[in-house]
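Next, two complexes with chain A in common: one pairs it with chain B, the other with chain C.
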Partner chain A sequence: MSYAFTIFSPIDTPLFTHEFGTSRSGGDGIARFTTSERALNPFILHSSLDIVEEVQWGLSTSAGSAPMYLKHIDKYQNCYISCWITGANVRFVLLTRPRDEALGLNAGAQRGSLAGGRAGLGAGGQVYNPTSPATEEAVKNFFVDVYEVWLKTIMNPFFHVGSGDVVKSPVFRTRVAAAAKKYL
Partner chain B sequence: MSGTPSQGSGLRYPSNKKTIYDRNLNRSKNAELSRAAFAYLFIEMISYAQRRVRDVNDLEKRLNNQGYPLGLRLLDLLLSRSSNPLASIRPTRILPLLQFIAQTLWRHLFGRPADALERSESDPGQYMLYDNEPLVNQYISLPREMSQLNCAAYVAGIIEGVCDGAGFATEGVTAHSVGDQDGAKMWPGKTVFLIKFKPDVLEREEILGRGGG
Partner chain C sequence: MTPLQDATPKPPKYPADLEASMTLPKQRASPASSLASLPYRRSNPSLQKLFESTASLSGSRASSGSATPTASVVPTSVFSPGSRLNGTGTPNRLPPGVSDEYRNLIQRAFVPHVAVLADTETQELIRGKGLEGGLLQLLRPFGELVPGKVTIRDSVGASRSWGDFGVRFVGSNDGLGLPPSQAGRNPGLRVSTDGQRAGGRISSSSIRPRRVGGDVPLIEELVERHLQYSEFNAHDSMPGYFDQNDAPVQTESNSSPFYSLFLKRLLSGLPLVPHETFAHPVASVIAVSSKNPNPIEELRKLYSRQNDGDLQLPQWVENQYLRYYVLVHDEETGDIAKSNQTFDAMKRHFGLHCHLLRLKGQQCIPSDDDSVRLPTCEWISASEELAEIQKRETADDITDPTPYLPDSDITAIRTFVRELVAQSVVPHMERHVSQWNEQVLARRRGISGRFMSISKRWTPFGGNRNSSVSSSSSNYDSHAGFYQASSPESLMRKLADYSFMLRDFKLALSTYDILRTDFNNDKAWRHYAGAAEMAALSALLTTAPLSSKTRTENVDTWIEAASYNYMNRQQNTTPYYALRSLALSIELLRLRGSSAADAAARWGSRILDSNLVGPVAAALFTERVSACYAVRTGVGSLRLGSRRRKAALWSILAAESWFRLDKALQAEKCLDAALRLYNAHFDPADVVESLPFPQMQAFIDELRNEILGLRLANRGFEGSGEDGAEGVEQSLVVEEAETLDASPRAHRKSLIGAVAPPMDVGPLSPMLERSEERRDDQFE
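Up next, the complex of A and B:
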């Protein structure tokens, strides 16, 4: 599986992006997006922000609070989007692109056409399911770790989220990569 | 932005080799600041804000601006501290947000909760938060020509930062002295923080309320 992770400021400016592959089941942690997919990812991520705005208030409980983890919120073609929203409305958006086999697409099928895929879905047991508890838990753990590093970033008095300051610290990137390797 | 910057690309570590990422977020428990040190720094902040300032409003605006970024940061920090990080929650309604300010934020800043929280009767979008004895004003005596000034404008800025950050835009949070009104003898320094939310926040609140949340 390949992942694209982006942090959006409250005014939808991307502050940090990171691409990585799964380290589970023998994965090497390298993202395998095709060139066209890679070009499309920012658009998918940005368009999912509309969905975030729809659900971020709606999850209200009677206590008037909502969880930061919004879980799986959107799907575009073969890409699944999960989101975490911080108290200050900074969005962590994770795009998951499962391998073709995990989508039930056979190797020969055209990418993007689900016609062959749907037939395969019934048969394959290893179909990727974005709402399975194991997946949601793994993504949540990843977000929790990133949130902690993010908190440390914004504690920096010279870092202004509102003015679109990009996270440049290589230490931050290393921490995100470590969280990705640990959980995804 | 997406390219990985190479390690050691002019990145300078502090002398103890500890970046901000190696520090613990919860370490400050039981580590209170000395009040004298705070008072000294705060006086410096006021005199800094007072430079080339036109009038009292302008000065309060500057103090407000100094507090605003602090509110933005404290919002996330306190939210992450107040609960188990695995169950992180954020306020989505006005009341929990104000309670967060009056309880969690106040306890963090001043070691005690705020004294009262009221909703204005004349304007439904306006809330009042009372502090009988603001810590920031403890060592401040106002000259006669500036009797309108309330240096708790700094705290008002913090509140504004918290509200704005959480997605509850305000038309401004202001601090006013009410010590000379009721109970003047008890609390001469009593201060009210007026929080006025924007109409769209109230509209959203109403929709959420109707949705049976």
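Up next, the complex of A and C:
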């Protein structure tokens, strides 16, 4: 299971990108994208913003309150996209690339991580299911942690998020990595 | 089949060049070798005509005649700065999503088939005119578009005139025999095809032309041929292709000529199969010559050959189709008084469906006074076109082998076809539609019909009103996989197909819908898939607006059912039909815009995911998915709900797959389209805006450089200093330089490598080297 995480500014420029693998069930936290996949990841993440906008401005599924966590919104081939949207229209987009076994491509019977792992594997055999409650919960916890760190970052008076400042803080990156390690 | 290897070797690939793409112009292979790899391409005008005809054929997309002016424009004026700057396209072009080129194409693809059968004297007469294929070859091009409007009355009695109605003339049992992937499925169903064929075949050494299509690999090979041709001849001889390259993004993403070609060949030469009746003959032309000593007797003989002789069709084809008797009179040697007499006798014997066709006997040459070139056939199968290309590539003479006919012949044939269609075929079909509608469909649809269909499942109630229904639980012969031609299911399918061909989509839809449930109950999976496919198509072809709810609830499930059943049922899958239903649904859904375009894109990726097609078609469909997304422009100033970024992603993917197929022009076109899509949000004055991700920019730059290298390698050093070609290349490079300079980012050096000549300094640097090199070549 490999992840690519990107924070998009309201004008679609990336403010922060981070790539990591799962740390659950023996994962070492290293992303395992092939070269061509890695090259395409930014394109996929960027293209999913179309869907983000549609979900964001479209009819609300939860009456009244617009949720920040948009859950699983898009899919390209084997890549699943989840999104969290902040009040300032900054988008957190997480790309999930399950292992081939978890997609039913190979006949492997390894246990996946918590996200798309146990419960995701439990229901329909071995197939990764992006909308299973456990997966959604894990991704949500990750986003909540990142959101908290993000809020602290943008409270910095010297950080101009409105002018598209890229997040360079190493502390931010370690916090995101910690959240990833904890939940994904 | 290895036609590609011997006739037209691909240009040699240089992997080293691709890696060090920036230095490509220098380390290109010696010009002589790349020249040797292009044997006939530029030297054979007759071959060029062949490719050009298909290119302009697909260029008819604009439907309002804008194709003609652009095709006739001299290249220099196309490349002039003026036409480059007004990037909004010619006023005649339709905005995206409104051009219904493919809708027309689909309507024109499903037309009645008319079998052609002629006696030996007629065939000899026509062979004497230089047409090897005999009467069929003579008639075929004229059937594709019936001159004048054809008025059709639909089931409710409303008349509508169509200007683009046509029929397909086919050989008597053409279309029998399925594409190779399915051959051998039902050996018992094949009729022996020896004996005198209605039309001769063009002889060719390696490709045996079959008039029946439905062979996807062959279609891809054909498109590959056209692509390769355009790749090499783009700038010196093919204004048609270059226009495409130059066109603004909207029209560009709307239609690539190669995709049109693919779709057209996909729909040409529908095979004769039990589960659909489009290729079953609606009528048959039986022709005898006036030279025949006993014409009436000969007509009877030909009829009986078709009815129960060697040309009889399998039992799932209804044999009682319309027979149309033609007396071919030779203007030069024949005696018109005698012919008139014979014709009167024919009318007495056979009734109204007769025609006297007067042709001139001698061969006509292009320099004759009123000679007209035989029009090219649009709807030929891929194998025929491949054979033709191959024949001309290997032929030594540079003259155009297409036969010429005297003007009077052309007029006579046009009149004949018009009369045949407007006075016999269409009324015949209308009559059958209303007859079956009353006798079969109404009964099935009424209360008793519903009851009957229930009682079919619960046998104790077996109705005795229709013996064939009550005799067994179903009419479906599950062993052989067909319904008898006289069974109500067959008739209903025929009714539905007839009304589809007559463009009465409402009646067709309701009939297909009933058939769907029947076939489902009978577990006739292929028939079920066919009914679902056509139900979806007729629902999408109706001009009435389609609510998104019905679309998602009905149409999508039908498409799903069709593609699933075509692909996955039983041992014998029919990928051709699955591809056809998906491809046509994509086009029709795309025309509906908004959320339907999303569905279209989804079906497009389904085609790619399920490996229905080879690499060339996969690239074409990737491009199509991008076009589907691009149709959604969104609403309001914020363009909410647009799929700009999705479209751009798929354009990039298409560019990459074209690049992997060595098609530099196509790849470049897709890349340009993608960049335009990515920059759509930015200020138009500020075109140097970079992409949001540095990685994206790097990827695109690298791809562009590689494509540039590939293009230079492909085109080698052609163009001996003509001003036109030179100007083109200059302007192209300037254009590229803009986008390359457009990236004020720090990563480039490390990514592209130190060998790169600095693009910022000299956008023309590769060109300068090239032109110097070219000069050297000339001096050698």
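Basically, the second predicted complex is superposed on the first by the 161 of 184 C-alpha atoms of A that agree within 3 Å, B and C clash if a C-alpha of one lies under 4 Å from a C-alpha of the other, contacts with A are read in each partner's own complex, and residues count from 1 in each chain.
Just so we're on the same page, contacts are C-beta pairs under 8 Å (C-beta built on N, C-alpha and C of every residue); 3 or more make two chains touch, one makes a residue touch a chain.
The shown structure was predicted, so the numbers you read here are calculated from the model rather than taken from an experiment.
Undergrad: So, on chain A, is it clash or fit between chain B and chain C?
TA: Chain B and chain C fit side by side in the superposed model.
Undergrad: Look at A:Gly27 in the shared chain and tell me whether it touches chain B only, chain C only, both, or neither; answer first, second, both or neither.
TA: Touch status of A:Gly27: no partner.
Undergrad: After the superposition on A, what does A:Ala39 contact: first (chain B), second (chain C), both or neither?
TA: Second partner only, chain C.
Undergrad: Figure out whether A:Met68 sits in contact with chain B (first) or chain C (second), or with both, or with neither.
TA: Only chain B is touched by A:Met68; chain C is not.
Undergrad: Which partner does A:Trp57 contact after superposing on A: first (chain B), second (chain C), both, neither?
TA: So A:Trp57 meets both chain B and chain C here.
Undergrad: I'd like to know which partner A:Thr13 touches here: chain B for first, chain C for second, both or neither.
TA: Touch status of A:Thr13: second partner only.
Undergrad: Would you sort A:Pro130 into first (chain B), second (chain C), both or neither based on which partner it touches?
TA: In the superposition, A:Pro130 touches no partner, neither chain B nor chain C.
Undergrad: Which of the two partners, first being chain B and second being chain C, lies in contact with A:Ser47: first, second, both, or neither?
TA: Only chain C is touched by A:Ser47; chain B is not.
Undergrad: Using the superposition described at the top, determine whether chain B or chain C touches more residues of chain A.
TA: The larger set of chain A residues in touch belongs to B.
Undergrad: Once chain A of both complexes is superposed, is A:Val144 in touch with chain B (first), chain C (second), both, or neither?
TA: first
Undergrad: Check the superposed model and tell me the shortest C-alpha distance between chain B and chain C, rounded to whole Å.
TA: Minimum over all C-alpha pairs: 6 Å.
Undergrad: If you lay the two complexes on top of each other, which residues of chain A touch chain B in one and chain C in the other?
TA: The overlap between the chain B and chain C interfaces on chain A comprises residues 14, 57-58.
Undergrad: Inside the complex, what are the residues of chain A that reach chain C?
TA: 8, 12-14, 39-44, 46-51, 53-54, 57-58, 76-77
Undergrad: In the complex of these two chains, what residues of chain C are touching chain A?
TA: 609, 629, 640-646, 648-649, 652-653, 681, 692-693, 695-696, 699
Undergrad: Touching residues of chain A toward chain B in the complex: what are they?
TA: That would be residues 10, 14, 16-19, 56-69, 85-89, 140, 144, 147-157, 160-162, 166, 168-173, 175 of chain A.
Undergrad: Inside the complex, what are the residues of chain B that reach chain A?
TA: 1-2, 4-7, 9, 11, 19-21, 23, 25, 69, 72-73, 75-77, 79-80, 85-93, 95-96, 165-167, 204, 208, 211, 213
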